Amino acid sequence: MITEDVLSQHGISGAEFDRIKDILKREPTITELGIFSVMWSEHCSYKSSRVHLRRLPTKGSNVLQGPGENAGIIDIGDGLAVAFKIESHNHPSYIEPFQGAATGVGGILRDIFTMGARPIACMNSLRFGPLGSTQNRHIMEGVVGGIAFYGNCFGVPTVGGEVSFAKCYSPNPLVNAFALGIFEKDKIFYGRAKGVGNPVIYVGAKTGRDGIHGATMASAGFGEDAGAKRPNVQIGDPFMEKLLLEACLEAMNKGLIVGIQDMGAAGLTSSSCEMGARAGTGVELELDQVPQREEAMTAYEIMLSESQERMLLVAEKAREKEIFEVFHKWGLDAVTVGRVTADGLLRVKQHGKVMAEIPNKQLADEGPRYERPMLPPKSTGTSRLDYFTFLDGCDETLIQEFLNADHNPGTADFNRLMLLAAGSPNLCGRQWVWEQYDHMVQSNTMIGPGSDAAVIRIKDTGKAIAMTLDGPAYLVSRHPREGAKMMVAEAARNIVCSGGRPVAATNCLNFGNPEHPEIMWQFSEVVDGIAEACSVLETPITGGNVSFYNETLGDNIYPTPVLGMVGIIENLDHVTSSGFMDAGDSIVLVETSRMDIGKIDLNDERALQFMVRDAIQSGLVKSAHDISEGGLASALAECCYGTMHRPAIGATVKIPSHLEACKDLFGEHPSRILLTTQNASELGKRAGAAGLELREIGKVGGKRFVLEYEGQNAVDLAIDELETVWRRTFPKLLS
Amino acid sequence: MKATIIVTLKPTVLDPQGITIQRCVQSMGLPEVTDIRQGKYFDVQLADNTPPERRKELIQRLAKDVLTNPVIEEFRIDWDQKS
Amino acid sequence: MKATIIVTLKPTVLDPQGITIQRCVQSMGLPEVTDIRQGKYFDVQLADNTPPERRKELIQRLAKDVLTNPVIEEFRIDWDQKS
Amino acid sequence: MKFGVVIFPGSNCDHDCYYAIHSVVGRPVEFIWHQETSVKGFDAIVLPGGFAYGDYLRTGALAKFSPVMQAVKSFADKGGLVIGICNGFQILTESGLLPGALMRNSNMKYICKFLEIRTAATDTPFTNSLSEGQVLNIPIGHGEGNYFADVDTLKELEDNRQVAFRYVENPNGSVHDIAGIVNKGRNVLGMMPHPDRSSEKLLGSTDGKLIFESMVQALAGRAR
């Protein structure tokens, strides 16, 4: 009955099929094959990545929960903890941008409140192909609209993230969603089916034939027939999710819940067998009890459906009724669909027949594991964009303007280049995106989108949480290991600039086809880079997600790791943003003594971050901004642009001369921070003591943006003019 | 010259709006309403001098390429012979 | 037993959605489309045992009190005799 | 003096309003579940922002059928203070407690940002501590804040000076730049901008607090 064809439709190899038969000691039924295929898909089993992920540092004094649960958890003091995680929804967003992105947000939010935490912030990292193409514009509008639709309605502020453009994401976008929630640290819930005899309860939306094989879909690239896979996409219902959140938290508070897990990828299958595996128990499901939206659904379909907004929970035997009352209060269905057993098996019954019977442990934890072959590229020469990665994905004419200026600085018009940089797709203002996101709901947003890191105060504690997402894909594509280190360093630097101490991180690893040895090599290098940087900067990894097979017609995307860093700000007075504050403030550049490009010295970086953190905590710093894409000139301009509380303000700055004008203005050396202060000399002393270079390079004030270079005004523009270009580009690119 | 295009979710696609409305209506004391599904309705006006063969093509294209998201929706055209 | 309710904006109310679509259509090079107005479309299913006289009242009430905002919208009912 | 913040399924600024009143303004406040049929014991009712019933069908359209709205209606009829913020405003127009309707923003997108509104009427219990023309720095966060009313209604609103706030720069297409209105009795206010998100310096503005404080003052005056 199970033919080669059926196996290949399920993405199960011959060897894997043999293992299945070994485990079952018989041929699987079709339902069982479906169940194995989703649990052993790349998406759920991490079969290509697991051997590498083990190298990530996962322990630290603040870490309460590392990888392996729905989200990582850190202790933030005062008896409180935060749970956070990032997850990709790339493939669904490619197929249906709006719903794909929306359900991505829904999925990550469930991962957070499944653990008992109330989501208090979201971020997202987005990659698209250049907006010259109608298809890419359409995808981006859909993705941003979908994120806004879901997050706004659910009532969580979307406080930050990143958007960038490169050809390799055309038309296969990356959509990575991050969420963070807060709870009391002794009220953490886990996905464990404990207590033999306890009821297994299904809550939330009814099951339809949505997204069947979503997990396997996310584990295969797209060919010409991407359209044919379309009916798989699920629809998000943020209102239902909001009700689920409130009802679940209420039931948890009342002590009614023993174990709980969201039905995400692989739906009922993964939630039930993973809960059983973690507790060492069995789970018996009676599918006739499962609320169904469509007629005549088979066991296969019910087990594999990825209908959204559903949770599975295990309750105390005697308190079923109380659970129902809570859910009914919130207008939700709650139905007992099974019970916890002692035999360690996932047993699925329908119409009185056993349709599947598989040991939970082997299904959930003992999936295949591959050490796929790896192959480094023959050589990595230099690239013309090594200094100017922000130009990647831009029109060739724009790139040429910068490269010409780099070669012939004498004849270059830097006013023009400044305007071009500010209006280039990767640097221009992203208000078009984040004004569609409610970034203020819950009234905690001290620093929203647009600064280095977002800052959310924690009511009644005097503390705040800082968070950021970073993924410098072009750098990583050039040197995977160094790029990954720079990514971690930049994320931590962003936290530091906002006044925080970086504490822990989550990561989303978006890669091409792992069956290609070069991709697997990139993956391994990136993991090593993250591991090294996270060790040095003492920011353990508490979880993450891997998305492989990001390719279209055989072209792989850049290796695109995205790091989500979380930090603690112990005192609200330390909260710092990137925008300049007052006329007359001194602008100070702090950097390491090296002027590397495309690589980083982590010990220097650490010294830099410590020094700046300390300076902020001593009250010496009025604003702080990390220098990244677009170099010093772009960073300075960003500090001048209007914020929600003051109009644009000018600055006059002497740009230090190291190389040539274009590189000194726009070159992207890592490990540099711009500060403003009224006490530059004290900062200078501290920097000196830390072995860092610090220069007072200018003053805030006026209405002009003036950059002097080797005695000449290389840039001299009205700040309003520059800001207008920066602010208007995005809407223009879309119209 | 007018035509009406009706865009509805494919029958198997979840309609959260419809479900929510239906639930509300039920609890309002209209228990007889067993299902509501929501769709979109477009009244399209064409220039009078549009040649008949072009009309058909035009409305088809509008319905298919602009007004419908083929991933989750389907459409239906009502030709209005008046005016 | 089914009925269809169509809710449209009153002609005097500006329809931002329609305008957006109209613009999109123009930029696609379909100048013959002179106007598009968007409305909502509801397929309502009633329990089979609903008495005929109650049906009418029910659907009227649903359309008028729930599905339409009389400040900006008007409605129309299509009775579907099938089933 | 006790404030009540109504929770509809899908409300999501309920806690923000509660916090602003309780911890910032420092007045007693309790939540009211939407299934309640009475608002007895409350002196002012807040309909908070959010997406009641997901804003499905139309914003505020399904919330108006919640049992509590009957009670809010009779409370308002008797002169009780009711403030609807954002989704609360939408619920008030849908319920007929305020005239007009809130339609999709003219750019068809949700807009969240700080902006400025100008006080247009100070003789209301919500604006008594503001001065005529006073500009408030306050955020909006909505997809359907495009206020619409027919010509006659508008004339009446203007004649009775029922417009409480106008946008300095219209973000959403509202007629007459309307950001907030009161009813004829001046005891019901609906506004799209969020005073609950602008009552603390660390959130960027304390202007919103003036609205809650005006209510406190009005209630104190009544009690006297």
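Worth a mention:
Labels for the chains are A, B, C and D, by order of writing; each one numbers its residues from 1.
Everything below uses one rule, namely that contacts are C-beta pairs under 8 Å (C-beta built on N, C-alpha and C of every residue); 3 or more make two chains touch, one makes a residue touch a chain.
Everything numeric in this text was worked out from a predicted model, so none of it was measured.
A count of C-beta contacts for the chain pairs A-B and A-D puts A-D on top. Here the spacing of subunit B and subunit D, counted between their Cα centres, is 35 Å. For the pair subunit C and subunit D, the distance between C-alpha centroids works out to 30 Å. Within subunit B, residues 16, 20-21, 24, 28, 38 each touch two or more of the remaining chains. Listed for subunit A are residues 237, 239-240, 331, each touching two or more other chains.
Residue positions 53-54, 56-57, 62, 65 of subunit D each touch two or more of the other chains. Chain contacts here follow an irregular pattern that is not a line, a ring, a star or a complete set. Per the touch definition, subunit B reaches subunit D in the complex via residues 16-17, 20-21, 24, 28, 38. Subunit A meets subunit D in the complex at residues 145, 148, 152-155, 237-240, 242-243, 330-331, 431, 434-446, 457, 459-460, 572, 575, 644-645. Taken in their complex, subunit A has these residues touching subunit B: 95-96, 99, 205, 208-210, 230-231, 233-237, 239-240, 293-294, 307-308, 331. Residue ranges of subunit B in contact with subunit A, taken from their complex: 10, 12-16, 20, 23, 69-72. Of all residues in subunit B, only 6-8, 18, 21, 24-25, 28, 30-47, 50, 54-55, 58, 61-62, 65-67 touch subunit C in the complex they form.
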